[in-house]
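Letters A, B and C mark the chains as written, and numbering starts fresh at 1 in each.
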Amino acid sequence: MSEFLQFVASGVGQGAIYGLVGVGFVIIYNVTGIINFAQGHYLMLSALAAVSLREAGLPAVPALLLAIVAGALAGVATDRLVISPARRHSTLTLIILTVGVAIAVEGLALLIWGVNPRRYAPFTAGPPLEVGGAALSRQTLWVLAVTVAMALALWWFFQRTVVGKAMQACAMNRDAARLQAINPAQMSLYAFTMAAAVAGVAGVVLVPITSAYYDMGIPFGLKGFTAAVIGGLVSPFGALAGGLLLGVAEAVAVGYVSSAMAEGVAFAVLALMLVLRPEGLLAQVRTRWA
Amino acid sequence: MSLLQVEDVTVEFGGLRALDGVSMGVDAGRVTALIGPNGAGKTTLLNVVSGVLRPGRGRVRFRGRDVTGWPQHRVAGLGVARTFQNLQLFGQMTVREHLLVGRYRLTRTSFLEAVLRLPRHFREEKEGREASDALLSRLGLADVADWPASALPYGRQRLVEVGRALASEPSLLLLDEPTAGLSGAEAEEVGRLLRRLAAEGLAVLLVEHHMDLVMSYSDWVVVLDHGVVIAQGPPEQVQSDPQVIEAYLGEEAA
Amino acid sequence: MGLRRWAPLALWAGAFGVGVLLMPIADALPFLTRANLVVFALHGIAAMGLTLVMGFAGQVSLGHAAFYGVGAYTTALLTAKVDWHPLLAMAAGAVIAAVLAALLGRIVFRLRGHFLAMATLAFGLVFYVVMRSWDSLTGGNQGTGGIPDFTLGPLRFDSDTSMYLLAWAVLLLGLIAARNLLSSRPGRALVAMGSSEVAAASVGIDVARTKMAVFALGAVYASVAGSLYAHYVTYVSPESFGLLPSLRFLVISTVGGIDSVWGAPLGSAVVVLLTEGTRELVPRFVSGATGSYEIVAYGLALVLVLLFLPRGLAGGAALLVRRAAEWAGTRRQPAPTAALEEVELR
């Protein structure tokens, strides 16, 4: 039992990251109808940027914040340079375009940072903490704390701000939203920016755990997408829950079977979800985001 | 026994009843019009008949055979063809290609026969071309046979859809607002075409908004309101039915 | 019809001739090697399968390299370990690929657009992981080698030049097969399905079966190319069939022009040049550079082509050919406005 608890403890950190990436998928998909293949790449950009800014001598806090901004700007660029000009194109074209963005960004990261993984020290040094018989690294606590903070911020944004409500209206019915003078192009920009920023946050809290490398975008993107699909692709909070489930499932598979299984778990879960319940596990309440 | 028999069909969308115990029949050699205010469930009924939707309750019989819940392509395979309210043309295909696709159920050429250019391919292409050309002339589309359908004006695009449906040599033709967006003269043209088709023995089920057209070209009118059949009969009789008048006045007042 | 109909074949013959002429001097030219001339044709064949799946039947696939891998591994195992005849092994690979693809098509047939893309991406990754971890069968990361030359009766394809001829011959067969298919009943059915599933079903087309068929067909193209590839390099490892190769096929199909069977060979030529170009140029500007730099070029090419030349190079070329045809024969009926540009060079 304590062994199982330990797996849970090591899974929640990764899972929270998947969830945060999944949040971005949900926001962009609901506002624009696009699944953005570059979603994991914003995480990669922010993670690598954090390492570089820190190495350049910036203090931790500004380095991390600037790295998140860098990720968000990549989101802005995706929308303005690629998605916006192609808005009237077919779904097929939009899909391939976001794939193009993803690999172009990955290539640029390779040019800038090379192939070797980059390390980043944990936010707070010290031995793991004991929680109910399981050891929890300090960075995992940071990840969880930041995830909770993000969840609250998202809740506030979608429930309490005009822009957040406008985005929700877009998600429910794009045509009706247009009639209420909500500009879909602008909503799309906000969606990409937010999604990239959330992924960026995930990236900077993740670096101390896994290091950062140029081709982490696709695996994290796919797992973030899996998290979002588990949550039914309708709610950011569903995606967060889906991420936690996936993270724990992975950790359990690694613990009881083998580490090569970890990849397999995510893909198997994704395949099962897409085939058996494309509507998601957690999407009983479909219309509300919160 | 009618060619198409709809019995007590009920369809619900998330608690909302789109069709509620609808029963009706469509006979060969007649134009049957399905009318009713917006949201009455007309298109839903076409979708049930053509296999797009499975009814929650009730039966659909075609030539006495129970086809309830059959997938669309199997229903089509029996000789039920349809058009769509929002045009569903095939992107870049030419007008003639649309008709050739329409003949899908009448032909058998397989992947292998096509790739290897075996005799069946040539035979069926030749038959298909002749049949399509005859149909194109009949529909007045011969001059644009090699045009991409998407390059045609809207009215003629609608005709291409009708042509695609007729190319499958159906015994039941379902038309979902074939005259929407057409000029008065064009609509008249469609009406006359339907009369000729019925005279040849085809059963036509027509969803239509154009009241003049319904009254002058159909043999039988079924009126739906809120998913319920409120009247049916010959056009003159339905026209003077107080319930029908109320349903339509209600719509106009709103 | 004359010019419009024959221009593509003339182009093909011309490109083939240029390749033959280049063969002896290819290694001396920038961005080109003899090997690239062969690889170009092999990738063209595989990508043609993807063009049928994606461009004509409208089904996204981001895992196409898996089927290339099925062909390559089947050939590798059957010819190197149990001594089958290359043709037989190639046929076995094609059958396995077709069955696997049909199964995939059956499982994902409800998924559309983005979801299908994600599902096929995951499928490709699973294939890669399996090839990497199934040590006893595939040799794991090390891969498996000792694949004999391809033979056909008395012919032995053991040089770059002979392989080049073989690959181009297969490419031509693939093109003819695709064109034959597309101008026939089953081909029109899959194009119809790609445009509107509900309308396709309304004329009696079984959409689920057609999807399985087109996935299988695309997989056969990829698998045959993979088998030839295995004979050519005599050694296969998972790297050649992972995500990057799948994305490469996507780039080839898209950049070449997704709604023309000529797109794949065109795109393949461009991608070979992009790949070699970046591999040669980047290390000159970035010190100590190692890695797959071509992905920058792939990504930019995808985005730029889709934004500015949505019908790819074949679409652009078709337009030029049409203009030329019009210029050569102005007496023929005037083309009905811009929309006609949409149907070219099927």
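Everything below uses one rule, namely that contacts are C-beta pairs under 8 Å (C-beta built on N, C-alpha and C of every residue); 3 or more make two chains touch, one makes a residue touch a chain.
Nothing here was measured: the structure is a model prediction, and the numbers come from that model.
A.B. asks: Taking each chain's centre as the average of its Cα atoms, which is closest to the average over all protein Cα atoms shown?
C.D. replies: Located nearest the centre of all protein C-alpha atoms is chain C.
A.B. asks: Could you work out which chain's C-alpha centre is the most distant one from the centre of subunit B?
C.D. replies: Chain centre farthest from subunit B's centre: A.
A.B. asks: Quick one: subunit A and subunit C, Cα centre-to-centre, how many Å?
C.D. replies: Chain centres of subunit A and subunit C, defined by C-alpha means, are spaced 32 Å apart.
A.B. asks: Could you put a whole-Å number on the gap between the CA centroids of subunit A and subunit B?
C.D. replies: Computed value for the inter-centroid distance: 47 Å.
A.B. asks: Between subunit B and subunit C, tell me the centre distance in angstrom, where each centre is the average of that chain's C-alpha atoms.
C.D. replies: Spacing between the chain centres: roughly 40 Å.
A.B. asks: Which of the residues in subunit C end up touching subunit A in this complex?
C.D. replies: Within the complex, subunit C contacts subunit A at residues 54, 58, 60, 62, 107-108, 110-115, 117-119, 121-123, 125-126, 129, 133, 243, 247, 250, 254, 258, 282, 286, 288-303, 306-307, 310.
A.B. asks: For the complex, which residues does subunit A have touching subunit C?
C.D. replies: Within the complex, subunit A contacts subunit C at residues 29, 34-35, 37, 82, 85-86, 89, 91-93, 95-97, 99-108, 110-111, 114-115, 214, 218, 222, 225, 260, 263-264, 267, 270-271, 274-275, 278.
A.B. asks: In their complex, what parts of subunit B are in touch with subunit C?
C.D. replies: Listed in rising order, the residues of subunit B that touch subunit C are 50-52, 71-73, 76-77, 81-82, 84, 88-94, 97, 100-102, 104-105, 107-111, 114-117, 121, 124-125, 144, 147-148, 150-151, 164-165, 167-168.
A.B. asks: Applying the document's contact rule, which stretches of subunit C touch subunit B when the two form their complex?
C.D. replies: 177, 180-181, 184-189, 191-192, 194-196, 198-207, 213, 217, 259, 336-337, 339-340, 342-343
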